[in-house]
Each structure stands twice: as structure tokens, then as C-alpha cells.
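One structure, as C-alpha cells, below. Some questions next.
The first chain written gets the first letter, and so on, giving A, B and C; residue counts start at 1 in each chain.
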Amino acid sequence: MSKKLKKSSLQMAAEAAEAYVPVDEDFVLDVDQDIQTDKNYASQGFWKGVITRFFKNARAVIGLVIIVLIIILAVIGPHTSGHGYAEVIKVENASGKKVLARSIPPRVPGLHKLFTGEEYEDDFAESTFLFGTDTMGRDLWTRVWYGARVSLIIAFVTIIIDMIIGMSYGLISGFFGGFTDIGMQRFVEVANSVPRLVIVGVLATFMPKGIWLVIVALLLTEWIGMSKIARAEMLKIKEQEYIMASRTLGANNFTIIFRDVLPNTIGPIITQIMFSIPTAIFTEAFLSFVGVGIVLPQCSIGSLISDGFTNITTLPYQILPPIIVLALLMLAFNFVGDGVREALAPRIEDM
Amino acid sequence: MKRMKAIVVAVLALAMVAALCACGNKGGDTPQGSGAADGGAAKGMTYTLIYGNNEGDEVALVAQSLKDQWEEAFPDVTINLQPMTKSERLEKMQNDNYTIALTRWGPDYADPMTYLGMWVTDAPNNYGFWSNPEYDAIIKSASSGELAGDYDARWAALYDAEEMVMKDAVITPLYTKANANLIADGVQGVEFHPVALNRVYKRATCPSGTMNVMFSTNVMSLDTNLATDGDSFEVIADCIDGLTQMDAEGAAQPAIAESWDISDDQMTYTFHLRKDAVWNNGTPVTAKDFEFAWKLSMTANVEYNYMFDNTVACVKNADAILYEGADPETLGVKALDDYTLEVQLEAPVSFFPSLMYFPTFYPINQAFYEQVGADNYGTSPETFLSNGAFVLSEYTPGTASPKVVKNPNYYDAASVTLNGINYQVVDGSDNALTAFKNGTLDISVISGDQVGAVEKDATLSKNLNVTGAGYMWYVTFSQTKNQDSNGDFANTDLRLAFANAIDREFLVDNYVMDGSLPTFTCVPPQFAASATTGEDFSADQSRFKEYCDYNLESAQAHFADAKAALGY
Amino acid sequence: MALITLLIITFLLFLLVRIMPGNPFPAERMSAAAIAKKRAEMGLDNPMLVQFWNYIKNLIASGSFGNGSALYNGAPISSVLPVAMSNSFRIGGISICFGVIVGLILGIAAALNRGKFWDVFCTVLSIVGVCVPSYVFMIFLQYFFSYKIPAFPFYFDSARFLHSAIMPALSLSLFSMSTVARFTRNEMVEVMDSDYVLLASSKGMYGTKLVTKHILRNALIPIVTVIAPLIVDLLTGALVVEKIYGINGIGKLMVDSITGEGVDYNYVLALGILYSTLYIGIMLVLDIAYGLLDPRIRVAGNKEG
């Protein structure tokens, strides 16, 4: 506003003291640069803003791209090598002996020839194993992506169900407060204190080992974090005026909890989900490591890591792909989690 | 705005569900790992193979390979794998709640009976619940009946008994485990034994004086009555001498007993004890210590007191005490004076002197045992007495690194050159190899791919030394109908079909890899020698090959018979 | 209240452990009759409530967790647990101190130098720390600093405790370090943007005093929440690292008592009680720490109570 304006035609007219007929020029903003004005935006929905902000965050987008890529590979990867995840690759060689393709380091015959000018000299000279083969003689490329698929299924199923259980539990506990809250929180303490190995062991008496056992075991332990977040949010929100307004209008507890409060806790919950998925994958890896995870010949990222671990310095190529996939997944979900959190609670400087 | 929110939530949820379904459709179709054999598999011939997931790295590979081989040989069959801890596996087998199990057995003493005794009706290890009165009669006669005295006839009868087991495919032997040891340069004189004690160090030398040795499990107990595992036995045998000891070939040599007399009917042994043997608290080792230890074992309700009964040592009245509640004082062992021990047997036992180096028969000093209390005995160097070549210097239950040092008061201390042994529990073969290369271990045991890597390495391969580990891995089938099994394996043809479909050489070459021996007899080779000829009981592995050799034609024929008989 | 919770936890564990598969007396050579006799000796034939009453009575009267059944062939738990506890607590303690201190410093440095080298370094470290499992890091350390460069013992040696505790403590601290660093940074950034810090700085407050008195104090509250469960986890042992490095600790004991020779009821119970006591105790301490750090909670708490 401090800019000095040119003498306007109006002023000139006043000086001339005669009736002034406006000319077109009068209606043109005659400044040599933009004057500072408030910009008016079309009103933007909260979620639209969140999404815009999310996609402006380079790390979050990278994370999302990695996740999408891994999901795509997990879906199509196992079908691209021509070997099944449980298929033990063996051939009968010229002398009639059964030869197993076990512990073959990654090989692409074409590339090998291109760079070294040599060809492989064993019974699998023509075969391509992008990640090599494992000690059983199976293609690791197939198994890694199959394992990623299993791990992701486990993670998504547990997190979705945990979200439902944990959120309801936390919201109810926080909403009613008092003795209900104390009782429910003591129950959380109890549930949290039972070692995971005991839970898995007890479950194993009721159901066969495998994916579903891992999922149920994770269900029983992972909801606690979710419930804590939901409870904290509920404690924050339930004092707000609109809840009181809703109550005055005759809404019952159920409506208040699930219609009025729930939608407003969705932000922290989504953030928590993003951080819980890697935890679930990690926990599954731990269970596989202790030997109560996925049942062979099926595999998960965790079981592949624990298999590869037995030969970590002798055959390091066996553990690298699953560890890298795990690390990428963790990284990506952390990025996305951070991105979602920042998008939901933007700081002034970011806007 | 509210509608926008709802839409976004719905879209997010939908996206997740969609991603899941995309994966689920293709991934979740085989929840129990039916693997390769799809299509016509589901005619009900689905069996579960249980195996231990804490019993060595190669076990899971072997189990998967069995599944693979069986499913390949019989397209109608689906095998599900169920891994579990060893203790869970044993519980399932003992309660007859399984179909097929991958299990193992190590010899407790140098006689085929340690295996053949397992398949007697109602024996605790008869997991197939197989029963054959004729077989029971042979075993009974051979262990404590009229065959017991005639060593050659007994040997021949045991072959007959073995054939009954093999012919019925009660079990299917897979391989006899070997240990691929890496031994550091300059380490000499360590004796490796497949029976009872794994390694003996009395005559070993090591350049540094103190040897670092790998263990694969924790030492579970140093109480000779309670110990059950090889690693515990090894430490016990370092520290305590029994009546006899093993020489490099595994034959019984004098230890605490300088000599022994055997009566003409071979049913009374009189051991003459040496007078210079002392416990490391200064008290002499006497015949009373043996009598106390043996009688203690009778009352303690412990796993290994079966070694006294009529299936093994046949010590007089042991059966009556253990199974009929007779007075433990009536046990046929008596200290005639401080240095003479008389043992009476119910029947001649050809391998009795060699039994005496098994820890269950070791002495315990009564005064000391009662002073520290039964609960605490053997839980620390202070609560443990030694009369052998080494003294316990560092140990708490659960420690990963027990240590023993040379015993200056040992009667034969002059011939012991080692200053001590440091044990180290090592988790995994890969770690064992690195620790050996690092010089942390002088003796380490490797398996699987590490053996392959060492064999390719010009310098390391010189340190490789394969020795028999004694125990045999085998497959057993539940022949009864139970919660988990529909009783199909009561059909002998089915068992024979499964036995004939396993390529044991392939299994050992590709998955076990540590020099283990493919085995075709239900008594493994290399541990039981004849009392008269010295010949290994199972040296001839071709004896029962028709029942368990890898022969797909025969397997298919048996399978077709079984299928018809079972109505599939 | 805490005691009642503990009692309930104990009872639950008591029931669960008896449902678990696996034999408390792993005896391949024992006849069914001998096993039955052994069960009777251990009192496992009594009704569950009687067993539980006896257990609690024994626990309170003599303060002992009883004897094992499968693990270490019935050695008294009192001869096993203290050693394991001391190993795990000391290594866990070192790794917590190291992780929290380094994490705090890194987080503060990152927040104060937003967008510069320390910030990037802290971000990279926290990502690596969260993504790489501690046992993988342990293997790397073992491979490079015991094998390639033999600076540290290859296996844990209680005679040279500090020397051999460094590698496992370091590998365990990585996770807590990166979590703390990341949280500290985020919280500090949030606090630094808040109005009261703006006010404080506009009143002329700057430098160390501003950071410690206003920023850090407020940023610490959520950080304490993150640290508490980490402490319990680290103190109760990291079983894979303990297994690899041959440490006789609580984590390994837990796995051994469940997946070892048999399922040892008394060991699982003792360890479970230990774990929940620690957990509940640390949560109590956490509540107190909240009050010290945040006067508002103290006031609000008094009002409610």
C-alpha cells in the first residue's frame, strides 16, 4: 500500500473543474507491479487439503510409490519366474543323477556372458535366478515376492481388525471414564503382560500353525497401542462443546462415540496404522525367528529372513533380498506415516 | 465437507480391501501349504508330518524334502508339515496324537538293544503302537532270558527281530547323523564317541593348553542322576570317572575300578577299586559312593534309571524296585569293603563293563550330597564334586560358557596335558564357522552349507574331521486311529510304499551334507560291536534294502495295494 | 491396585501355561506310570485353584519361585534367575542410557539445525535404526569387530563384562536411539513453533536457557511415554541377540523355558511375573515423571483425585 500511485484521471478532472467523462483507461489498474492483495481461494475441504499437502511432501510420495511397487510385485512377482514358491527345482543331468538347484547365487546367464564372456558350467547354465535359490533348491525371486504378499496380508488384516477392536475399546474406555475406564485399563495392563510366546503357544493348541495363527496372535497383542491412542483422543475431544450440544439434542452414548467423536479421531488413527503395519511385519518376523510363524513351505518376509540367517556369512545373498524388502517396507510406511501426520496437522510454515 | 470426509474414508477403506483381495485371491489359496500337488489330491489322502523346529537346521529341510518326495511319488497324497518344539513333538507322539513324525534316537549303550527295545509292545518309545508277540518274545529272551547268555545266538536272534521291524516298516530309517568337526591345528588326541559321551579329552593336547570347545545346547544338569543330554554328559565325564572308561575305540578300560572279576555264570561282577582316587574335597572315592548313587537313582524317579532294569543292565531286583515298589535297599549292588564293589545281575549282560562309563552309573559322595542338598547338587562349582581329570571352575545353570580346569589331585593327573576346557554354546552352524575361523573355538561342529564352504576352502578343509554322532533320524507312523490320524498307516503296504519312496542318498547329499550316513537298517551302524567277533551289528546296510531302498516301482505297487485296501 | 493386577496376571499366566502344548517333564525313556508319578510329585494333579493357592503361598512365605521341571533339570529358579537378571539388566541398562542420551543429543541437534547436516543425519539414522533389526546389526558388529578386526570378544564373557557388553548393548541401543532421536526432533520442532516459545524468545530469552527451560521440558513429556516401553523391552532381554552372543539372560531364559527341552511352568511364571512387575512399576514411575515434567498434569490430577 505504500506504493506511490500515479496521479489519477479523477484528480486531473477535479483540477479541471468541469464534468468528467470517464474513459476506458480509468478502469485499468495502472501499477507497474502487483499490489499486495488477499487472494481468495475456492473453499477447500479438510480432506482435500490433507491430500494436497500429502502429495506435496516428497518423502511421503516416495514412500507411497515404494509401497505400491512392492504390492504390485507381491501380486505379480511370484508368477514371473516360472517357478512356484514351493517348487524344488531339480533336473536329471547327463549321467542320470538327480541334481538340485540348491544355494545358487543370483545369476542371469545373458548378463554373465555379456560381462565376463563366460558361461556357467553346471546343470543350470541356462536358468535365470534373479535372487538365486535357497538351501532347499527353490527360486528366491518367487519366494521373496510370495513372502512379501503373505507379510502384507498379515499386516493389513491384523491392522484393520485391530483398528476396529482397539478403537472401539479405547473410545469406550475414554468416554465413560471412572470405574469403567480403570477396569478397562487394568485389563490392558493384564493383556500386555502375557508374553507373546505364551499366547502363541496356547493358540497353537486350538488351531493349526500357519498364517491364521500368526494373525490371531498379532490381533491379541497389537490392538493395545491403537486403543491407547483412541482413548487419549477421546479424553481430548469429549470435553468439547459440540459433544455437549449433541448430548443436549438427545443423542445417546452410541451416537456420540461413533458418530460424533470417531470421525474426529481418524487422523491420529491413520498415523498409528501406518506405524503399526511395519510393527506387525516385524513381529511376524520375530515369531518366525522363534519358530512359531509361517508353516513351510509357505514363507513370509520374516521366515525368509530367519532362513537366510542360518547362512548369513556363508551365503549372504539369501538374506539380502528379504531384508531389503523389509527395510524398504518399513521405510516406506514410516515415510507415509510421517507424511500423513504432517498433512493432518500442518504447521504454519508449511502452508 | 462431511460428505467429503465420508467419501475419502470410504475410498481409503476400499483401496485397502482391494489391495488385500488382489493379494488374497492369489496368495491365500493354499492356507495349509498344500504346495505343488493340486488337482486330484483331495481324495482324503492328506497326512500331517510333524517335526521339531529346534532340533537342528537340517531337520526342516529334511521334512520338506520328504513332503516333496512323497508327493512326487504319489500324486494322490498331500503332506502337511507341522513344525513344533521337540517337547511338543514328543508329547504328541507319546499321546498318540500324530500321523507321521520325523524323530531321532541316540544309542544309550553299545548294544543293538538300545534301538530294538523301542518297538516292544507298550514300550515308552513305541510311537507306532505296533505290536508283535513273537518280536516281544525274542527281545525279552535276548535281554534277560535264556538267549542272554549265548552271545552268538542272541546276535542272530536280534537280526531276526530287526527284520520284523523292517518288514513291517514300523519305522523308516533315514540317516545316521555325523558331526562335521572343525579341529584347530595342533589339537590332538580328542576322542569322539557315538555312544553316551560325545568327546573325551583325557588324552588330548592343545598348543595353548586350554581348549575352547563348542556346545550346541546349554548344559542342562551336572547331577549324574538327572542329566539327559550329551553336552551335560560330556562335562560330567570330564569331571567324574566311573568304574570304567572308554578307550579311543570305545571299549571299556579300567578307571576307578582297577580290575574286575566275572563269575562263571556271568551274573556277578566284583569290581576292585583303586585306592588313590579322591574327590576334590579330599575324601577318597569308595565303593560306598557307587552303592549310594545307584540306590539314589532307584528312588529318584528319573529318566535314566531304566538303565538298571531288565532291558539293559539287569541289575538284580531293579525291576522289582522300579516297577513293583520293592525296597531300594534290595538292589543287587553291595560295597563289600571300601574298595570292593559287588554287583549281581539277573541275567548275563555282554556289554556290562562298557555300561559303567555311562554317567548314570557314576559315584556320588553321600556326605557331600546330603550336605548341599538334592536341589542344589551340581548347580555351581561349590556344589559339585569331581574325582576325574578336570574340576568344574565356572558354571551356573543356563550359562553359555561352562569352564573346567585340570584336577591336580586326579589319580592319573600325570597323563592329562590340558590345563582346562572352555565350553561355549554357539547358536548355529554359520556362527560356529566364523568363530572357528576367528580362533575363538578350537573345536566346532558345523553342518549344511558351511560344510560345503569348508570343503571348497583349501586350508580349512584340512581341519575338517567327520565323526559319527550316533543318533539315527527316522520316520515313524502312527498305526492307530486317533484325533490326528485316520488310521491309514495301520496298513503295512502304505508304510512300505512311503519307506520305498525316500531317496536317502539324495537327502543326505543335498540337505544334511555333514557326512551323515544314509541308513537302511533300524539299528544304525557304527556303535554296536559283537561281544565275540567284534563285528559291527549294522555294517551290512544291504540286509533289508528290499523294504526301504529307494525304489519307485515297488513304492507304486505297494501304494496301489494300500489304496485298494483302504478304499481310496 | 497394582498388586491386584499382578495377582490377576499371575493367575492368567498360571492357567495359560498349563494349556500350552509341550510336556513339563520331557522324558523319552519314562514309562507312562513314572510320568504320572512325577506329575503327582509336582502337585500337578491337584485342582487348579489348589495349585494356584499353593504357588502363591509358597511365593509369599518363602519368596521363592520354586524349582524348575524341565529346564536345567529341576534346578531351583533362585539359582538361575539372578544371574540372568543381572546380565540382562546390565546390558539393557547400558543400551538404554546410551540410546537415550545419544538419541536426545541427536534429536536436539537436529531440531536446532533444521534442514542442515545434523537434521539429515538424524533422519537417516532413525530410519536405519528402525529398519534394521538389532540382531542383524549384532551380526555385523560381531563379524567386523570380532572377526575382521578382533577388538572385542566373539562371545559374551562374564569375566570381562564391560568389554563384552559393548557390542550387544550397542546393537540393542540402535532402535531406542533412533526412536528417541526422531521423537525428540519432532516434539522439539513442534514446541519451537509454539506461541509461548515465541513469547519467551521475544522477551529476550535465548540460547541454552530457552532450550532447556522451555523447549526441552515440554518436549520431554511425550518422549518419556516412548521411552518407558522401550525400557521394559530392553531390560527383559533381547532374545535373539542374547542367543547369538551367548548371553545368559532373561530373554534367552524365556525362550528356553518355552521352546527348550520342555515347557517349564515355573520358569515361565517367574519370568512372566518379573516382566509384569517391571511393566507396571515403570508405568507408575512414568506417571510420577509426568507430574515432575508437566505441572499441569500434577494440578489436574489433584483436582480429580
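Keep this in mind: contacts are C-beta pairs under 8 Å (C-beta built on N, C-alpha and C of every residue); 3 or more make two chains touch, one makes a residue touch a chain.
Note that the coordinates shown come from a computational prediction; the quantities given were computed from them, not determined experimentally.
Centroid distances from chain A, each centroid being the mean of CA atoms, peak for B. With centres computed from CA atoms alone, C is the chain lying nearest the middle of all the protein shown. Taking each chain's centre as the mean of its C-alpha atoms, chain A lies 26 Å from chain C. For this pair, chain A with chain B, the centres built from the Cα atoms lie 47 Å apart.
One finds 37 Å separating the Cα centroids of chain B and chain C.
Residue positions of chain C touching 2 or more other chains: 21-22, 143, 258-259, 263. In chain B, 54, 84-85, 428, 434 are the positions where the chain touches two or more neighbouring chains simultaneously.
Among the residues of chain A, those in touch with two or more other chains are 204, 291, 309, 312-313. If you check the complex, the residues on chain A that touch chain B are 45-48, 51, 71, 74-75, 78-79, 84, 86-88, 98, 100, 102-103, 135-137, 146, 149-150, 152-153, 156-157, 160, 204, 208-212, 263, 266, 270, 291, 295-298, 309-315.
Only residues 21-23, 26-34, 37-38, 41, 67, 70-76, 79-80, 83-84, 142-143, 146-147, 150, 153-158, 243-244, 246-248, 252-253, 256, 258-263 of chain C touch chain B when the two sit together in their complex. Interface residues of chain C, counted against chain A in their complex, comprise 1, 4-5, 8-9, 12-13, 16-17, 19-22, 127, 130-133, 135-136, 139, 143, 189-190, 193, 239-240, 254-255, 258-259, 263, 268, 271-272, 275-276, 279-280, 283.
On chain B, the positions that touch chain A within their shared complex are 1, 4-5, 8-9, 12, 16, 19-20, 22-24, 26-28, 30-33, 35-36, 53-54, 57, 60-61, 63-65, 67-68, 80-85, 428-430, 433-434, 448-450, 452-453, 503, 506, 510-511. Those residues of chain B lying in contact with chain C across their complex are 54, 84-88, 90-92, 94, 124-125, 218, 220-221, 223, 226-229, 301, 303-304, 306, 323, 375-376, 379-380, 396-401, 424-428, 431, 434-435, 437-438, 440.
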